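Contents: one structure, followed by commentary.
Should a chain be cited, it is by its letter among A, B, C and D, assigned in written order, with residues numbered from 1 in that chain.
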Amino acid sequence: MTNKLRIALIGAGRIGQVHARTIVQRVPSAQLVAIADPMPNAAASLAARFGVATATTDCIALITDPVIDAVMICTPTDTHAAYIKAAAAAKKHIFCEKPIALDLGETDSAIAAVAAAGVTLQIGFNRRFDPNFVRMQQAVAQGVIGTPKIVHIVSRDPAPPPMSYIRVSGGIFLDMSIHDWDIARFLMGSDIQEVYVQGGITVDSAIGAAGDIDTHVTLLRFENGAIGTIDNCRQAAYGYDQRAEVFGSAGSIETSNNYPNNTTLSTATNISRDLPLNFFMERYAEAYAAEIESFVLAVTTKSPPAVTGYDARKALIAGLAARRSYDERRPVRLAEFV
Amino acid sequence: MTNKLRIALIGAGRIGQVHARTIVQRVPSAQLVAIADPMPNAAASLAARFGVATATTDCIALITDPVIDAVMICTPTDTHAAYIKAAAAAKKHIFCEKPIALDLGETDSAIAAVAAAGVTLQIGFNRRFDPNFVRMQQAVAQGVIGTPKIVHIVSRDPAPPPMSYIRVSGGIFLDMSIHDWDIARFLMGSDIQEVYVQGGITVDSAIGAAGDIDTHVTLLRFENGAIGTIDNCRQAAYGYDQRAEVFGSAGSIETSNNYPNNTTLSTATNISRDLPLNFFMERYAEAYAAEIESFVLAVTTKSPPAVTGYDARKALIAGLAARRSYDERRPVRLAEFV
Amino acid sequence: MTNKLRIALIGAGRIGQVHARTIVQRVPSAQLVAIADPMPNAAASLAARFGVATATTDCIALITDPVIDAVMICTPTDTHAAYIKAAAAAKKHIFCEKPIALDLGETDSAIAAVAAAGVTLQIGFNRRFDPNFVRMQQAVAQGVIGTPKIVHIVSRDPAPPPMSYIRVSGGIFLDMSIHDWDIARFLMGSDIQEVYVQGGITVDSAIGAAGDIDTHVTLLRFENGAIGTIDNCRQAAYGYDQRAEVFGSAGSIETSNNYPNNTTLSTATNISRDLPLNFFMERYAEAYAAEIESFVLAVTTKSPPAVTGYDARKALIAGLAARRSYDERRPVRLAEFV
Amino acid sequence: MTNKLRIALIGAGRIGQVHARTIVQRVPSAQLVAIADPMPNAAASLAARFGVATATTDCIALITDPVIDAVMICTPTDTHAAYIKAAAAAKKHIFCEKPIALDLGETDSAIAAVAAAGVTLQIGFNRRFDPNFVRMQQAVAQGVIGTPKIVHIVSRDPAPPPMSYIRVSGGIFLDMSIHDWDIARFLMGSDIQEVYVQGGITVDSAIGAAGDIDTHVTLLRFENGAIGTIDNCRQAAYGYDQRAEVFGSAGSIETSNNYPNNTTLSTATNISRDLPLNFFMERYAEAYAAEIESFVLAVTTKSPPAVTGYDARKALIAGLAARRSYDERRPVRLAEFV
């Protein structure tokens, strides 16, 4: 038992609950030893549910508690950097939800703190662990489609989040699209060099009133000369739409959506199937588990994590550049943000 | 021009019109020189439509006319055998719609007449020329799926024919299923040895009143030991359903239906596509053309036809055996009909 | 804690391990309190893995232990009936893997013991909980496809089990096909009335030497007049093939296989996807969990179980009738076994 | 006979041959009365093949021949405008292959000549008649997907044309992409307002040496605020790739490729289907016929043509703007070309 990685969960909200379940049920080499959440009862309630011994509202105290080996930071974005620095100072390994921060300077100082401490930091880009994207990335990396030339990513939500969330989200480019900048880099094995955005308000004018947009298509150029597009919309009538294609010199690989079943119904009207799995909790259920397993394995085997602070930084810059492109109506090179 | 195969069409009904168009528009090595149909004006009207010089109501006179090389028999089934014999006696090559006759003796005497005359006889089993079934047969014959073990054939019509047709059709086993007995043999490369039928009336009780059934599934055993099923129904709510699978020791090959377009519509209700091509004229349009091209090529190159009188005989026997199996509620070996 | 259903697992083999994991990880309203297996260390090893307090080699002692509420019987088939009777006598609720016995008399006496004791008995026909078959059954039951007329079931394994297993399996009709007899009844909402089998040895002659066959297609007639086919083979080159279609008066519903991912690869050779999920542990992972949840819910809410002893009895009779049909080469009515 | 639209074909090359066959075989209300081609024997050979009475090398003489009602201009692009003007002056109706010219001024003067003459001009944007794009356009126009927001078009060729063709083609934006600018407008029901291009040489450096590129993805903004992308490549390893999606407020409609058959092969390696129909002659066979039928119907019923000179002008401007965007590495508004 004492050989297990002792993890503290910081933040008992929706994604924190997902990770708690994963550690308890699927990762025998780890143990969830404590939960912290500033909201009264949030940590205690979750701890009771999964038989976790310790619950507290003092996040910093838990992060520095000598009994733990690693922290899992699932709090709101504006606290990530501070908690990463605290954990690094206490020599704890860190799994942190994306993004590290909405600000490049804060992101860099958090990454520097991790580097100085020599601990492991993995970022929660869960889609990298989805069986579909994994399969695509392998095919590209193994050369099955030759030299990759073009990537298309479609990522549309079933419905926009509440306006209260939208207002603190950092905007579509840093909140929703952050996964897509990362998957684009993951699939293509190259950094984004330039973005040009077309977008606007097509779902809800309240989102526009909050200074954000809800729909965009962004044209990308990668460092290796490849081209890409990202299509994001806060609402698709038919549900969660998560697809991609990579086209290369020797072929193409694409993924369709995941469905709750594989039945086809033929009636006098049409030939139909049920709607796709409705949202990220269902679609990426397996990916959420796989990313935690990957983190624990990286720490326990002292291997590099699958998703690094550098990856978080690169996705952040793409989001900042996209926002500038949208605001200034011009192509923006990511080098403007170095 | 004089090198073209001079064809007379006997029977200007629906399928006769299809073949007329094919000869005129798609087979440069043949010429439709005359049309006969006992119905007043039927031949003349069709001849005018395609610029054919001669039209008559006297089928026998046309069959024996020295100016023609070949006849295409598209009249009702009960005239096929007599016309085949007349054509054979006149040394004409023959394309005849399926079946030769509903009676085995008449079938055999027609085949014997053809053999004695040394002319070419091809039977109108058009599905053998459908790109889907052709591709399946090739895969099986080339051993891509190893030794074939099991074949499943689904063949359902969008709606039953008029009762006037049902009454003279010879019954579902000789009318509708005749194609399926033939495709089963074609795909498996082996003759049917035994049939056992489960069936009844599920579409229209008038069909039962006429002494026929409208639905059956028949279990087959082939001479080579393989197994098969044929699923026939006179009505499928979603249209014409024409599918098959051959399962073998090294894999399986199957075909889905043909559709009018390849679009997929995603709405808040479901993910759908349009219904399949509705009936045989659309689904087998290409097959109808290919079978005539094949016949003309067989005659002009003095090669064996793709579908022989033997094939017609074998399909007939399967249909007779199926009827007996249904009537007597027992498995019936085709050897009972030798 | 004391409100949880206290379950003892009897049999720590492959399927026992699956159920142990499910109880521990996915069913908060149940507790796995003990494991028994006559093999030395088997129970202890599994108990250690999931933190279960008690492990023993004495199955009967555990079944009658007052501390438990229910037993989960996962031992070899020839022990099922005895353990069911012991559990019923001790007033324990029972989940038992299929089949109850290979013998109808023993099956009936086990069912009678359960009835006399008034406990719950659920049989492990896991496919009834597969999202695909559930969706099909709902569509049929809700009349979406009108009156069901025909069902086709394809169930092929990736490879045959070891000969040691084949020899004690009861033969393909009672071992492998037992699921299909049950799914046929489940989908159609009607009992099987008659079977006629075509089958033989196409995979491995050793299976024939053991008095069994490895391939069959069986034609079914249901009590309600509907027709069905079941296609079973111990080996499909492309893996685990689990498909079905129900055709009705208003349409059709079918299911394709489940795949490890939804990617499509296009190369100069062809357009391809990866092979289906390879075997039952992967394909039916969700179904295994759902059936245990269903059992616990039935017991705790005092509701009828989703799969009863009657269902086990009906599937057994279909298997016995199929064997007789194969041996005697004739259609066999299930009424012969009443 | 004298009521038929008398058509002269100008240009007996590849596409001219396709149209000749269509008129002769599929359009009973039209008659191909003469063929002109400056290449010796080209017209005569084609005329012989389809039984056309007149063949000449003098295109202008044929265009002005009083015996004809309409001309079909299938010559190289640099002759289109002159022939259109000649035909308009002679009061002939005109079907002209795309584009009218590579130069906007020449395009405008040709359109003006047609308007002044009051004759019908239809442009050969054949994809507008493809059953897939027709179905998509209908769904969009009927509001089935709500307000259209985003369109994605993928159009990749199986292999680049010969360098001799590339050099006079006008470049990828005016040659290959011209269809896509048009389909984008057709599907969205709105004109393109701005383009931004990412592209380069990924197929053959000789194309670059000729001053052209072979790959691009262009981001579009439409007048109605919608967004689009066009993905073009001169080579896809798996063949001709012609797909599109329109995403709207109430759903999405997309089309996949067309295939030579609908069979699926399952082996120990993977689950596969054959490659798509290889190139435009096969993929758009039906569209080529439908566009000629549409033209003849427009002329004979004095209705507006389905594709106008305005459409040709709009597609040309998009191509010119795309080239400028590529050259100057900036978004270009089409208004720059008014």
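Going forward, a contact is a pair of C-beta atoms (placed from the backbone, for glycine too) under 8 Å apart; a residue touches a chain by one contact, two chains touch by 3 or more.
Quantities reported herein were computed from a predicted structural model and do not represent experimental measurements.
Student: I need the common contact partners of subunit C and subunit D, sorted by label.
Tutor: Common neighbours, subunit C/subunit D: A, B.
Student: With chain centres set to the mean of the C-alpha atoms, which chain is at the far end from subunit C?
Tutor: If we average the C-alpha coordinates per chain, D ends up farthest from subunit C.
Student: How far is the middle of subunit A from the middle of subunit B, if each middle is the mean of its Cα atoms, in Å?
Tutor: Subunit A and subunit B have C-alpha centres separated by 58 Å.
Student: CA centre of subunit A versus CA centre of subunit C: separation in Å?
Tutor: Roughly 39 Å separates the two chain centres.
Student: When the C-alpha atoms of subunit A and subunit D are each averaged to a single point, how far apart are the two points in Å?
Tutor: Here subunit A and subunit D have centroids separated by 43 Å.
Student: In subunit D, which residues are in touch with two or more of the other chains?
Tutor: If we look for residues of subunit D contacting two or more partner chains, we find 236-238, 241, 250-252, 265-268, 274.
Student: Over in the complex, which subunit A residues touch subunit D? Could you list them?
Tutor: Its residues touching subunit D are 146-147, 149-150, 152, 154, 156, 196, 198-200, 202-203, 215-221, 225, 227-229, 231, 233, 235-238, 241, 247, 249-252, 329-331.
Student: Residues of subunit B touching subunit D in their complex?
Tutor: Against subunit D, the touching part of subunit B is residues 25-26, 131-132, 134-136, 139, 144-145, 250-258, 260-268, 274.
Student: Flag every residue of subunit B that touches subunit A in the complex, lowest number first.
Tutor: The touching residues are 236-238, 241, 265-276.
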